[in-house]
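Below are two complexes that have chain A in common, paired first with chain B and then with chain C.
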Partner chain A sequence: MFARRLFSTHAALRAAAKAAPSAPKEAGSKAAKAAPAAPAAAKAVPGEHKTVAVGVLLKRNPVVLPELSEFQQAYRAYREAMERDEARPFDSTFYFKKGSVAEQRWLAAQEAAAALGPDQHLVQPKEEELLKLRTAPRITAADAAGDVKSLDRALARSLYLVVQHAAGTQGWRLPQGPVVGEQLLHETRGANACMYAPRPPNRTVQAASERLAEACGSAMETWVVGKAPVGHAKDGNKTVFYMKAHIFSGKIVPSGEIKDHAWLTKEELASKLDPAYYAQISGMLSDL
Partner chain B sequence: MLATKISRALTQLRVARAAMPAHAARRALATDAAAAAQAAAPRADAQPAPAASAAGVEPVFRARLEEHYYNTLLEDIMVLSYDHTSPAATAEALAASPEWNRSLGEHPLHDIFDVTLPQLPTLPDSQHMATSLLSLENGRPQLRKRRYRKLLYNPIDYTAVPLKVLLRKPPPPPVPPFAPVPSRMPLLKSITLKVWHDGAVTNKNILLSAIMSLQSISGVRADPLFAEKGDASKRIRAGMPLGARAEITGPRMYEFLDKMTQCVMPRIREFKGINPIGDGNGSITITLPDTAIGYFPDIEPHFDMFPRLFDTDVIINTTAKSDWETVLFLSGFQLPFLEERVVEEETIKESDDIWAKVRSAKTREERIALHKLAQEAAKAKK
Partner chain C sequence: MFVTTTGALTAASRRALSATGPAARARTPALAATQLPAASAAARGMARAAPANSGTKKKSSKDGIQDPRLQHIKSVLYDNAGATQGAPLVQAPSQREATEVSRKSAVYTGPDSARMQRETIERAWCLLKKQEADEITAGLRRRFLAMRSAMQELEQLDPRLFEGTQGRKEVELFPKRLRVPTETPPMLGWDYERNHNVAQN
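Coming up: the complex of A and B.
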């Protein structure tokens, strides 16, 4: 699904490049080479591009692993039990010095486990500090309250940012904005493209990150994935090309450009967005 | 409850399997899987499967990096490596490939039954145990290595085959063009841990420590490695055990990678990053110093039980087709790479032998000068 969306977006990008001969560079230098050569006189003055706009698919990745279904749980428990049955017996005499305190704690823990019932596997005696440790709950306060502005909601799912732009009467959409001047859609990077790498201090900020910063403030740590847009949608006579970005930390500081914002899962987006618009962007969204 | 029914059935199966010889057990498993699928086939109005935690069952091991790869990383890698100029990324090429046109079956188990039994990663004796059905996309039939005898002489005229021709390796296969399908995306194949210590010539017992440390950090049995060639200066004879290796695949491999990046690498002293140079074919080697091995959570609590720890080579094998792809893929697991490649310049080793320098002198003048120096050194020695 995602690959098909990526593919059709590139077809749209090539079409948009051909339609606008005086276009500034689109994503990817090779696409720019494919576009007809623009004579110097026809170069647009710094201003909005007429046919191409940029949007941002800002995604918060899942924070915890998803729940296993009963069948998956039973299957994995079965495989683990088989592995335990067929594994070599654990040699505790190698790991503990004879008569040491650690060995006594270990043997006491195994005896306690054996007292619970037959077919018990090895038990790790937990230190006092670890016993006091309380893990955070999977269902947070934001889940209970249904706070859609919070990033701590739905930890096992991906959350996407949708906004209501102040200008225009379009309702809820993914954040978007014009491509200004000679900007590219993507951010430029060094030679060795590593994922999630810290950005150099004087990086070239291009259309996607700029529009996002203008609309939602600079209090977020985001990373735009690569040079290729992951989807496109029609907006009047413009085509909006969406760049995928991850948010790692921070919050939205809404500027005057957006009236309202929300972090929603794929299903919630299906109910919140206009059906025609959702049909255009649903291929970009992750099921999890 | 479904959970208790399944667990009871599987416990009985386990007990029965333990009593059976291996081949009969495999056949029984296949028929039981078919029966289970029929029993588990969902009705039209079926609710989504209830969560396991509702039943209050014991937690099972989950390799979080494996799930992260299939849930998040795979998409990002596809976007980062997307090449729209690739011939395999055209609409016609994709429409012709079965992977692009793969239709999701009504039931998740349909995916399992589309795959032949030997390829099934969920088979108990299979090497490649997967916990995600998406890995079937990457399941390729493992070609058995055919053993060919080397042609030591030309069969027609019985002349000797030159050594260069004899030792020539076949050219590497061409890199397949980019295609936006999961089977073309890089996947972790295996990790090999290797220890080699020439000092084991004098003391074989230190190898036991090496083997135990590899077994502790990998979780699998480690095997000794033997010297291929002798070296008289180091008193090595061919066939001497001087090292150890362990190979891990599947969830254990992802767990090892997790331990290495979270527990070990942040604590290595004066560590700037991994050099992003591999073998060009999807493998990259990281050498962990002996101090780093002591930071593994499997070794640190029992540090005293290991008499000696060694520099260990961690060889990560992936299905990536180039160094760039390997580095991109592994950086997604938070492996820290250097920004620039560090290429060692070939430095000509200065040997102590003055007469060797004389012999290798390039010009006549240089040779005469060095010869004089050598003679003076010989006189001074006397």
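Coming up: the complex of A and C.
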């Protein structure tokens, strides 16, 4: 029941957006000022907030642990060797019953390791299942190809979504949209549609940033962190407040509002975005 | 300089790490794990005790001969006289050094290259850890200040939206899919079609 009402109001919004004449065609100078603010500036959304817009800092967390530097690896090997050197000798007769299968497996594993080289330390006998274990590489094909639309790239780093809105000439930005009517900042349609959180029955406000989720598609599983924004940026006469969200699975299905999108690390954002804009948003980006 | 800015080792540090490691002290091949001179005391105890206890089931405390298993357990737990795994024939240099170090003064009083090298390595590691911790703290501070300035701006611009940021969400569910980073990525890669976790019937 509530889903139907959600979609009906959503459809009404879309209809209203299409019906309203696009601003760049009508008012020249006014549109030039308002166009950098939001895609909604091109299509006048009824009840749109005049001074506040909402954006999303959509983040894919690191998938793998960070690589160790050469010093860290050497130090780890140094400490392990020292620990082995100063450890008490391992008495297998104490831990394994004489003649048992476990003792035979243990001794066989030590002999196999000793055959590899003179300076070997104790090894655990490996199960057959562990020997057959396969692992995926940390550097993927997307890394080699430099595919910025792929979420398999830069697995040890965080990736942030940046888009190029179709309307206006503002270049690459974090996704943003208008705040309409009685909406609050933290409710995004993407989060509520994909997560398990049911909509409270007495809530009459619509989800905020419906246009935002509409722009990026709802084929993503996202989660908005809390109710407070994590940063802001001034954008013409509007101030965009960014909500932090995580993406767990899915992909971007760009609609007509998004011309292009990319998933970039913090350093790549610094080179891709306008320097003045990057200076405003760099505070809320994670280092890793 | 011990470590360059990129975390790579300098030539001097490479020499230090290889020279002071146990590999340098034990140039002769290490004993295989199956040959344990430390077990000799226990073995002697067991060999001595076995013939005497072969017939008796109950041991009286007046005999003075202990259960060989107790002897074995004590040797495993407390036997310090045995050689270590890595140092074969030289008599336990690490143990000897450990006692000597405790008798030396804590303040560096003269040239002792092995000790200096070890201390330099540990100092470099402590410095690296401190730098990492400082970076983390600086990142946290930066993100907190960005959030605070956004909240201050929002309070000026729109009180209703500002009030909306206070408190917890009405329905707060921690996301199950929030994944911890691992050594290697999942075999299937990123779940673009959102069908990796669906039970296959």
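Keep in mind that, in the parts below, the second predicted complex is superposed on the first by the 184 of 288 C-alpha atoms of A that agree within 3 Å, B and C clash if a C-alpha of one lies under 4 Å from a C-alpha of the other, contacts with A are read in each partner's own complex, and residues count from 1 in each chain.
Methods note: contacts are C-beta pairs under 8 Å (C-beta built on N, C-alpha and C of every residue); 3 or more make two chains touch, one makes a residue touch a chain.
It should be emphasised that the depicted structure is a prediction, and the values quoted were computed from it without experimental measurement.
In the superposed model, A:271 lies in contact with neither chain B nor chain C.
When both complexes are overlaid on chain A, the residue A:124 reaches neither chain B nor chain C.
Looking at the superposition, the partner that touches the larger set of chain A residues, chain B or chain C, turns out to be C. By the document's definition of touching, neither partner reaches A:237: not chain B, not chain C. Contacts of A:71 after superposition: both chain B and chain C are touched. By the touch criterion defined above, A:151 reaches chain C but does not reach chain B. Touch criterion met: A:248 reaches chain C, while chain B stays clear of it. Overlap of the chain B and chain C contact sets on chain A: residues 61-62, 65, 69-72, 74-75, 78, 81-82, 85, 88, 94, 195-197, 226-228, 230, 286. Of all residues in chain A, those touching chain C in their complex are 49, 51-52, 61-65, 69-72, 74-75, 78, 81-82, 84-94, 107, 110, 114, 118-122, 134-138, 140, 150-152, 155-156, 179, 184-186, 195-198, 200, 203, 219, 221, 223, 226-232, 239, 241-242, 246, 248-251, 283-284, 286-287. Interface residues of chain A, counted against chain B in their complex, comprise 2-4, 6-7, 10-11, 14, 28, 30-31, 61-62, 65-82, 85, 88, 94-97, 190-197, 225-228, 230, 244, 286, 288.
Only residues 2-3, 6-7, 10-11, 13-14, 17-18, 40, 48-53, 55, 57-58, 60-62, 64, 67, 71-73, 75-80, 82, 84-85, 89, 91, 94, 100, 124, 129, 131, 180-181, 212, 221, 276, 302, 304-305, 324, 327-328, 331-332, 334, 337-341 of chain B touch chain A when the two sit together in their complex. Contact residues on chain C toward chain A in their complex (touch as defined above): 2-3, 6-9, 13-14, 17, 21-23, 25-26, 29-30, 32-34, 36-39, 42, 72-73, 76, 79, 82-87, 94, 121, 124-125, 128, 135-136, 139, 142-143, 145-147, 149-151, 153-154, 157-158, 161, 164-171, 173, 175, 177-179, 181-187, 189-194, 196.
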